[in-house]
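Okay, so chain A shows up in both of these, paired with chain B first and chain C after.
Moving on, here comes the complex of A and B:
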C-alpha cells in the first residue's frame, strides 16, 4: 500500500499554485506563530499564568469546528489549533515520523491521524517547521462541536500537559433549527467560559470589545462568502478546495481582526479581477467538481495535480465549511454576541450538521455552482467524514451525478497510493469527458 | 451446573443469536406493545417501556449474519457493529421494530443514525438524543431532562398515549430491580469468580436486551440463587479487570476462552449501559429529572463519556484495587475509536502503577481464537509465575 512518497513532476508540468493571497496568508500565519513563540518564551522565563505585561495573555488550544475564537481574542488569548499543527506536519511530509512515535506510545494504527501526529508533536517539544514553539496551554478549550474525537484529543492533551480543561458541550443538530433549550444550554456555557477566561487572562470581560471583534468577523465572513460565490463564474477564478485550505488559516486565526478583514478584501479583489479578465483557477477549465471531505495533506500537491491535469476545478467543498457554512448566509451578530456565537457552534458549521444535511448541502453546490461531478475523498481515519461515504456515493449516483470515490488519509502517507489514485482519476475523467463533450449539447 | 441454570443460559444464547427477533414479534402480538430498538451504550429504557414499547437492544449481528450489502455503505475503517447493524436494517431484520434510538457515542455511530434515517425512514422512525459531555453543573442535567421529556412525549404520542409520569416511575422501579440484580451478580462474581463465569454473566445481560424487563428480572433473580448455590473449586488463574467492550460485544467464544485459560474477570464493562447507575434512581418527583440527574451523577466511568473530574484512568486503578485484580485485560472492538484512544491513557497510568495489562482486539465475525488463546495463556502464565 505504500508507494514511494514522491510526487509526479510531469503530471501538471510543474504548476505553481501561488497568488497574492498565498503571500498574505503566509504573513498572517508567520506572525501568529511568532506571537505563539513569544508566549512560549515568556513561559520559559516565568511560569506565572496569566502572563504579565501587555500583548498576548496566553495560548488556548481549541478545535476548528465551529470555533469561538472571538471569545479568546476578547481576552488577548491566542488560539492554538491542533488541527493546523497536524496538517502542517503532513504537508511538510513530517507526519509519518510522528505517527510512528504515537504508535510506539500505544496509539492504534487506525485512530485519527491528526490526533496521533499532534500528540507526538507536543510530546516532542512542539517545534514548528519555522523553528518556533507552540506554548503550553493556559487552558484547553474543548469545544465539542460534532466530532467526538475532539474530546479524546483534548483529554489526551490535558493528560499529558496537565493543563486545565474546559468543555463546551454542543448538542448535535437534528433539524434545521435548534430548540430554545439547546441555544440556552450553549449560551449559558459561554457565560461560564467567559468567567473562566477572565481568570486565565487576568483581564476583565468587555462586551463592547467582543462586539467590535464580532463586527470584524462578520465582515470577514461576508468577504469569504463573496469569494466562494465567485466560483459560480465560468471559469471559476477560485479553487474552492485547494485554495480554500490556504484561506482557512486566516479565517480561523484572524477573522475578527483588521488584518483578517484586509486579507479577505485582498483575496476577493484578486478573484474579481480574475473574473473580469476571464482567468480561471485552473489553466483551461473543463470540469467543475464539488469535493467532499479533507484533502490528503501528505500528497497535497500530487492530489491537486490530478485535478489540474484534467482541467478540473473545485467550485465548492464541504471541508472549507468545518469552521462555518458562511456561504449560506450566517454572520456573527455584534448586536447579539453570545447567542450568535452559540448559533454558529450549533447550526452553521459542517461538523455539527447531520449526514443528510451534508447531502443536501452538496446537492445545492452541484446545482447552484453548476458542477459536473462529485469527488469524495474518503479519509480513512476520520470517521466524522468517512463513516457513510459509501452511502453518500450511492445517493449521488442514484441521482445521476457522476461520483468518484477514492480513499486515503489526511495525515498518514501510508494510505495513499499515487499510481492507484492516478488510475482512478484518469478512468473517472475519461468517462466524464465522454459524457460531457462527446454528446452534442449534453451537459451533466 | 443445575439443570435450571443451564436451561436459562441456553435460552439466553438462543434469544441473543436469533436475528429474526421471533420473541419480539410474539411479544408484540401477545401484548399489543410496540418495540423500539436502541443502540448502545446507554439508553433510558424506562422511557420506552413506559411509553408502551418493548426496548430491544440493536447490537449488531454478532456472528449470526453475513455482511453483503452494508460494507459498501461505509469507509474501510469502521467497526463491525456499525456495519452489521446497517446490514440488519437493509435485510429487513429490524422491520419488527417501530423505530430505533441513537445517541452520540462516537462519529461512526452518529453517522449510522442518519443513514438509518435516510434508508429506512419509511419503515422505522429514527430518534436521536444528546447525552451531555459536560458532567459539571446543573445546566447539563436540566438540558438532559428536557431531551428525555421530548423523546418520551413523542414516543408516547406515536402509541396514542398521553404522558403518564406514574407509568415512568413504575418503569424506573422495574429497572432499579434489574440494575440491583446485576450489581449482586457482579459482586458475587468478584467474590467467587469460579462460580460465575464471564461468558455466563454476559449471556444473562445480553438477554436483557430482548426480554421484557419483568421477565428478565425473574430470570436474573433465579440465576442469582442458582449461582449462589454453586460451589466450584477455585482454579488456578488470575483475577483480571476486563475493559473495552462497552459497545460492540465480543463473541461469547472469546469470553469462554477467558474462563478456560484461567483469566477470571472480576469486573468488566460489557454492556455497561445496563448497569449505568450504582444506586437506585428515585421513583419520586419528576421522572425526567430523576433519570437525567442519575445519569449525570453516575460515577460509572466509560470511554464514551467525558468526565474529567473523575478521570477514567484513576477510576480504573481504583477498580483494580477494590476488586483485588492482578491485571487488566483490554478487549476492544477493532476500529473502536473511543476505546482504542482511551487505551493509550490507561496504558500510561497502569504502567506508572505497575499493573500488568494485555490488549486483545476482536471483530464480530472472529472465527478462530488460536492467536487470542496463545496470548491469553502466555499472559496468565507470566502472571501466575510473577505472583508465585
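Moving on, here comes the complex of A and C:
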C-alpha cells in the first residue's frame, strides 16, 4: 500500500470550537438563569408572585423573534425565552423525554418541538439544563412576530400557569415597508403593554430609562453587525451560523445592558485579532457557505462537524437574524423609542419579512460575503420557518448557486438521521470541491 | 503505473461489493457478500476472495477507495467517497451518454443528474423512508413466499396489475397480504409492487431532470419487471449494466486509480 496521498479532511475527527466569546456567553446565560432562579426562590418563600423589591420584579416569557426585551428591562422584569429553554434541553440531549411527555399529554407528533418540550418542561416544574428553576410568569407577553404557533403556545402557558396574557398583534410584512398605520397600530399596543407592565412590576414607566436601554441596545447592535462584517474576510474569523447561534443568547438576554455591550466589544476584539493574525474560524477554510434556517440542536456539534470536516465556514446565516436584521443598518433609536421598537418588530427581523425579502437577503450574503453555496436546513416541526424551502432551493439552483437542502428538526432528535445527513453533506461537498478545486484527473 | 492495482469497496446497507481494477481500467475481479457488523473481517475476506485466484496479495493493491454507508469503517482505505459520486462515475464509465442515474439499493434510492465526465450536478435521495428501495422487495417476497430473484421476471407475465397505493413500506405489506388473501395472482401483485417502486423512483428522477439518457444501477436494477416498468413509465430505453450492483464499487475503483495517478504524478515532479 502507498501512503495516503491526500488525507481526507473527513477523517480528522471531532473538533472543539471554544474561544473567549464562548466562555463569556456561558457566563451571561448562566447568570441569567441564576437570576431567574432567584425570582423563583423568592416566589417559593412568599408563595406569591413577587412585586416590588430589590433586583428583578418578576419574569415575563416572550418570543425571540423581533423581541422587545428593552420594554421589560425598563421595568426590571427578566425575560424568559421558552425557545432558549427548549434548545438548551435539546443541545444537552434532554429534549426527547419532554417531547414524549408532551405527546402523552395529547400534543401531536407534528406540533412544534419547541412547544412540546417547553410545555412539558413547565408542567413538570423541571430544572433547566443549568440545574435552575424558571419562575412563575408575572405576565405572558405574546409578541407574535412571524410565528402564529406562538398564539396557541402562550395561550396554553397562560392556561396552565394562570398568569395574565398580553398579545401583541404584529401584522406580517407583505410589502417592502410597513405603512404609517401599521407602525401606529403596533406603537399603540406598546402603550397598552407599558400600562400593564407598570401594574405587574409595581414600577412607574420612565421614558428616559427606556432611552438609556435603547442606547445600549443600539450599541450592541452596532458591535454585533461589525462582528458579522468580519466574516467578509478570507478566511473568515467568524462562524456566522454556529458561533452566531452562540452569540444570540447575549443578544436577546442582555443587549440593552452594559454587560451586553461589553460582551459584544470583547467578541469583536476577538474577531479583529483573528483577522489581524489571518486565523480562520475553521482550521483551513476551503468553502464559504450561507446557511438558511435553525440548526438541529439535538445534534448541534455533529452537524457542525459536517461543515468543519470539509473546511466549510458559514459566512452568513438567516437564523442569526431572527432577533433582528441589524447588519443591514437598523438600530433601535433612543430618540423615538416606541416607533423604533415597533419598526424592529414589524420589519427588521427575518421572521416577519416576506419570502422575496429573504431571497434578496440570501443573495446579498452570497454576493457581498463571497459565498460558494447555500445550505438549507429545513425544520420538520416548524412549517412556519420551513414552508417554501423546496421553492427556495429551486430558486437558488436556477441562479447557479449550489444549494444543499437537508431536513431534520431543531428539537426532536427522532428526525435526525446521522448516516443519511453525512451522506448528503459529503456528496454535496464532493461535487462542490470539483467545481471549485478541480485538478486534472484527481477531482472527485 | 503499469502494474498498479486498485480496489473499490462499496459497503452498502444490504451487501458489500469489491472491485479490483488494473491500471488500464480493466476489471480483474469482483466479489460480494451480505453486509455484516464485522466490516474489517468482511472486506478483508472479500479482498482475499478476489486476490487469491489471481495469485495476488494485499501488498499488490496500491490504493483503496471506499464508498457506501460503511465507507468510514474500513481502516485500510486511502479515501472514502459517497456512493452518489461513485455511482455517477461508474455509470458514466459504462454508459458515457448517461445524463441521469437511478440507483436503487437495499435501503436507499436516489436519482443523480450528471454532467461532463459523470460529474454530479444534482441528486435527490430518499431520506428516512426505505419504502422505495430493495429492502421493501425483500419483505414483499417473504409475504409472497417467493424469492426476490423470482419477483424480477414474474411481473412481466402480469395481465392485470394490482395497485399498491401506500407510500409506507409497512402499510404496503398489509396491502400485499390483503391482495394475497383476496386471491389475486402473485404476478399481478408483484407488478403492482414494481409499479409502486417505479412511481417513487420517478418522483426523484423528475426532481433532478432526466436529460437524454437514464442508467439504472443498484441491486434492484436486476429486476427485469422493474426495468420494464421504469421504461414504460418514462417511454425511453434505459441503460442497465450487466452487474448493476457493482457500479458504485467500480466507480470507487476508478477514483482510486485517478487519485493514485495524480499522487504519482506529484511524486515524479518533486523527485
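The working rule: the second predicted complex is superposed on the first by the 420 of 444 C-alpha atoms of A that agree within 3 Å, B and C clash if a C-alpha of one lies under 4 Å from a C-alpha of the other, contacts with A are read in each partner's own complex, and residues count from 1 in each chain.
Keep this in mind: a contact is a pair of C-beta atoms (placed from the backbone, for glycine too) under 8 Å apart; a residue touches a chain by one contact, two chains touch by 3 or more.
Remember, it's a predicted structure, so these values are computed and weren't measured experimentally.
In the superposition on chain A, A:128 makes contact with neither chain B nor chain C. Applying the stated contact rule after C-alpha superposition, one finds that A:426 touches chain C and leaves chain B untouched.
By the touch criterion defined above, A:397 reaches chain C but does not reach chain B. In the superposed pair of complexes, A:246 makes contact with neither chain B nor chain C. Touch criterion met: A:417 reaches chain C, while chain B stays clear of it.
A count of residues in chain A touched by chain B and by chain C gives the higher number to B. In the superposed pair of complexes, A:318 makes contact with neither chain B nor chain C.
In the superposed pair of complexes, A:434 makes contact with chain C only, with no contact to chain B. Taken together, the two complexes place residues 407 of chain A in contact with chain B and also with chain C. Those residues of chain B that touch chain A in the shared complex are 71-78, 82, 104-108, 110-115, 117-119, 128, 130, 132-134, 137, 139-140, 143, 146, 150, 304, 306, 308, 311, 313, 335, 337-338, 340-345, 347-348. Listing the residues of chain A that touch chain B in their complex gives 105-108, 110-112, 115, 142, 144, 147-149, 151-152, 155-156, 158-159, 165, 167, 169, 171-172, 174, 179, 181-182, 185, 188-189, 192, 354-356, 359, 378-384, 386-391, 394-395, 407.
Those residues of chain C that touch chain A in the complex are listed here as 58-59, 61-64, 69, 72, 76, 78-85, 119-123, 125, 127-128, 255, 258-263, 265-266. The touching residues of chain A, when paired with chain C in their complex, are 1-2, 4-6, 8, 10-11, 397, 407, 415, 417, 419-420, 423-424, 426-427, 430-431, 434, 439, 441-444.
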